[in-house]
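Both complexes shown next keep chain A, but they swap its partner, so chain B is in the first and chain C is in the second.
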Partner chain A sequence: MLKLIQIEFLKLRRRTFVWIMMFSALIMPFLAYLLFKYAWDTGGDPVQFYKWSAFGLTLFIVLPVVLGILSTMLMYNENQYDMLKQLWIVPVSKMRYFFSKFFVVLIYSVCFMLVTAVGSVIFSILLGDIAFDWQNVLFLIRKCLEIGVITAFAMLPILAIATTQNGYILPVAITLIYAFLGSIIVSINMYIHPLSSMAVIVARNGDIPGLNNTQVISIPLAFLSIFIWGIVSVLLANVALARRK
Partner chain B sequence: MRTLLWAEHQKIRRLSFVWIAIFATVMVAVIVFLSGLTDNDGIRDIDTIGWYMAVAQPLATFFVLPAVIALLGSYMICREEQENTIDSLRLIPVNEAKLTIAKMIITLVYSILFYLLLFAITFFTEAALHFSDLSIGMVMNFSKAYFLDGICIFLAISPIIALISYMKKGYWIALVITEFYSFIGLFTSTSNTLKALYPITAVFTISGYYEASTFQVMLSCISLLFCVGLAAVTLAGMNKCK
Partner chain C sequence: MTKYTIETKQLTKIYKDQKAVNNVNIHVKKGRIYGLLGRNGAGKTTIMKMILGLTSTSSGEVDVFGKNIKGREKQVYPRIGAIIETPGFYPNLTGTENLNIFAKLRGTSAPNAVKNALEIVGLPYKDKKLFGEYSLGMKQRLGIANAILHDPELLILDEPTNGLDPIGIAEVRDFIKKLSVERGKTILISSHILTEISLLADDIGIIDNGILLEENSMEELKRKNGKYILLQVSDAAKASLILERQFGLKSYSVKDDHTLQIYNNSLDMASVNKALILGDVSVISSQLCNDTLEDYFRKITGGDGIA
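And now, the complex of A and B:
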């Protein structure tokens, strides 16, 4: 398994776009910096700044879209050059193949959120309003790691859909819809969609103010939602890969 | 040019992409409808006259439609290079800049059609919910706004499509850039000057979604013209390189 993951990363080395995409991790910290510099005031509260730079739209839109595109690219490359036949001949277990892709997404997601955390700290220092405090930085890193890990699991349905398709357009379109639905459905029911369920877990104990003020918080239910979606996705990927000759 | 447009139209008819884009537009409408079902002090947003038609425009624009339209445009352009059909076209010979312009015109037409589809869905839903409360003036205003959204969004993203046609193999870049480009509009909409200047939000100033002064409308027109100019310069540069 480790060898498969290593091979996946070796393949990614040649795809500069994947690494360029990592820079989008700095978009939200930069926008939050501009917003608090010229329009709003943090009142010296670092969590207010981090909410915009790392926890808000990064959680619902930026990271899911980036991971959706990455998942699609990972699956599309092999389909495009008809590499799957050769992989099955080696032979590579179909589920191992799927999970090697998933681990790449997971590691990328964690790295993406760490870059966001570093960007948030740098821009919060540049802002000048917020005093540098290790406790706040550790809180930010802990939450970013949580988001990074759970989002990868929440994106399993997109990875599974990308497995079923030869092209990239449908998975990419579904990624956009999926992220959009995740951000909208928060106000209706947080436990239907994996991304909104993730928000419940990340914002537990009122850690992130304003993320959920109306609904009853149930962490087990949120985990159950992500787990069910994950299991269904793995089954779908299993069926799709089994059909591929 | 007419032949090129006809050929592009014939090619796009066979693409599943158009159906996927229609699916994305319908899904956006469904999601916005779902968000309107939440209670605000006992009143659901969806029960407010005109709410659905008004809110679907910015949400679809900030999150989904520009990326889908840019992907369509860049896909049409990059596909020729990817499937090596561009070599046959060069042998005919076809002027590549004209070919790109034809593809961009088709993208513009589809951009308008996607927005009009969104309008049709929102209008028929509003009509089903409270037909007697809708006025002709309001419906005409919204239909005009959606039509202008379709045109202006294409103009706003035209530099990205032109850039992709210059780079040839960059449909992923088109998607990512356009998604963030439209998404940043959420932030620029907080400032009066920025929302008139930033191309994505300038679309709403022109279409009438934002209440704007004549000066702001002029700023928005200049902003979109700048986008068109940028796209034209890129295409001209491409033609020179050949």
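And now, the complex of A and C:
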């Protein structure tokens, strides 16, 4: 499995867009910096700043969209250039193949959120009115890691859809709908959509401003939602890959 | 132990209402080159895919290395190298990088395996050219390099010379021949180009509309389709007896009740005619024929489509 994951990273060589996307991890920290520099005031509370730089749109839109595009890119070459039959006769197990892609998404997601965390800390310091505090930084890193890991699982449906498609357009379009639905559905029912379930888990202690849930909090239900979507996605991927010969 | 590396038994593939492959029995002998010849869409690729387990069979069996391949794919695949249709690789990587990936996936331990494979097909090692910039011929060569990378016992090559220039075709033909002769590889190769198959294959299977029309050794086919005398007589059985007794003829075949095909061109036709008439056999016609393999293939497949 480790070999397959290494190979997945080798395949990303010269795909500069994958690494450019990593820079989008700094978009929200930078926008938060501008927002608090020229419009609002943090009142010295770093969590107020982190809410905008790492937890808000990053959690619901930026990271899911980036991971959706990455998932599509990971599946694109082999589907587009009819490479799968060459892989199957190596032989490469279909499920190992799928999970190697998933682990790349997971690693990328964690790295993305770590970049977001580092960016948030740097921009919060540049802002001037937030004092550097290890406790807050560790809180930020812990939450970013949680988001990074759980979002990768929540994006399994997109990875599965990408296995069924030869092109970019449909999986990317579905990614956008999926991400926006996640942020909309969270106010209706938090346990239908994996991304809103992820928000429940991340904000379980009510320690992220703006993500204070008004509905009944059930962490097992949130995990169950992500789990069920994950299982369905794996089954879909298995069927799709079995048909791709 | 079976002498066949590949043996199919009543192999059939049905797509919806269409029989793409119909009860095909092919026999690929160990250490020989088997050419599967047929027009585009005749069913060659489907047969190869079924042999590799890449597509399911509607009915019939595929034995590879003496055993049914079903459920044994993982044990068998490392012993096979294959190109099916146009080989695809990662366009953002060079040829060497692409082969390194496949070498890693296969766990190829031989040092210089990638370099050797590239050398055999005439591609440069550690070249900076990306696969996306390759010509069709280079792509095909890289596909062949990938197929031979892990030194497999059996090669399954689906139209491997597609897109190659004439010199490239000759080079590929030479090294496929070498792989069989010098290294004892068993090779199943498909093509719609008769000359390619006739120059390369030891055994040949002719397929048309999913049906295997003929399976024979190339030697036998050439013998059958060289120069011959076509004799039309009133009684072919009686004529054959006369020819055997009076002329010691053994190389002939009786096509029907009135037609004989004689492969000994040195026979004196005047004497033959005289002997037959004296033996109470009327000679309707006798003519010297010179069929080429191409004529033969056209005849049995019923038309054009094989170059």
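Quick note on the criterion: the second predicted complex is superposed on the first by the 244 of 245 C-alpha atoms of A that agree within 3 Å, B and C clash if a C-alpha of one lies under 4 Å from a C-alpha of the other, contacts with A are read in each partner's own complex, and residues count from 1 in each chain.
Basically, contacts are C-beta pairs under 8 Å (C-beta built on N, C-alpha and C of every residue); 3 or more make two chains touch, one makes a residue touch a chain.
As the structure is a prediction and not an experimental result, all values here were calculated from the model.
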{"item": "Side-by-side fit of chain B and chain C on chain A, or clash", "value": "fit"}
{"item": "Which superposed partner A:82 touches (first chain B, second chain C, both, neither)", "value": "second"}
{"item": "First (chain B), second (chain C), both or neither touched by A:166", "value": "neither"}
{"item": "Partner chain in contact with A:24 - chain B first, chain C second, else both or neither", "value": "first"}
{"item": "Of chain B and chain C, the chain that contacts the larger number of chain A residues", "value": "B"}
{"item": "First, second, both or neither for A:181, with chain B first and chain C second", "value": "first"}
{"item": "Partner chain in contact with A:14 - chain B first, chain C second, else both or neither", "value": "second"}
{"item": "Angle at the Cα centre of chain A, taken between the Cα centres of chain B and chain C once the superposition is applied, in steps of 10 degrees", "value": "90"}
{"item": "Minimum distance between Cα atoms of chain B and chain C in the superposition (Å)", "value": "11"}
{"item": "Chain C-contacting residues of chain A that also contact chain B", "value": "none"}
{"item": "Residues of chain A defined as touching chain B within the complex", "value": "17, 21, 24, 27, 31, 34-35, 38-39, 57, 61-62, 65-66, 69, 73, 167, 169-170, 172-173, 176-177, 179-181, 183-185, 187-188"}
{"item": "Chain A contact footprint on chain C (complex, rising order)", "value": "49, 52, 54-55, 73-74, 77-78, 80, 82, 84-93, 97, 100-102, 104-106, 130, 146"}
{"item": "List of chain A residues in touch with chain C within their complex", "value": "3-4, 6-7, 10-11, 13-15, 77-78, 81-83, 85-92, 245"}
{"item": "Chain A-facing residues of chain B, complex", "value": "16-17, 20-21, 23-24, 27-28, 31-32, 34-35, 37-38, 59, 63-64, 67-68, 71, 75, 172-173, 175-176, 179-180, 183-184, 186-187, 190-191"}
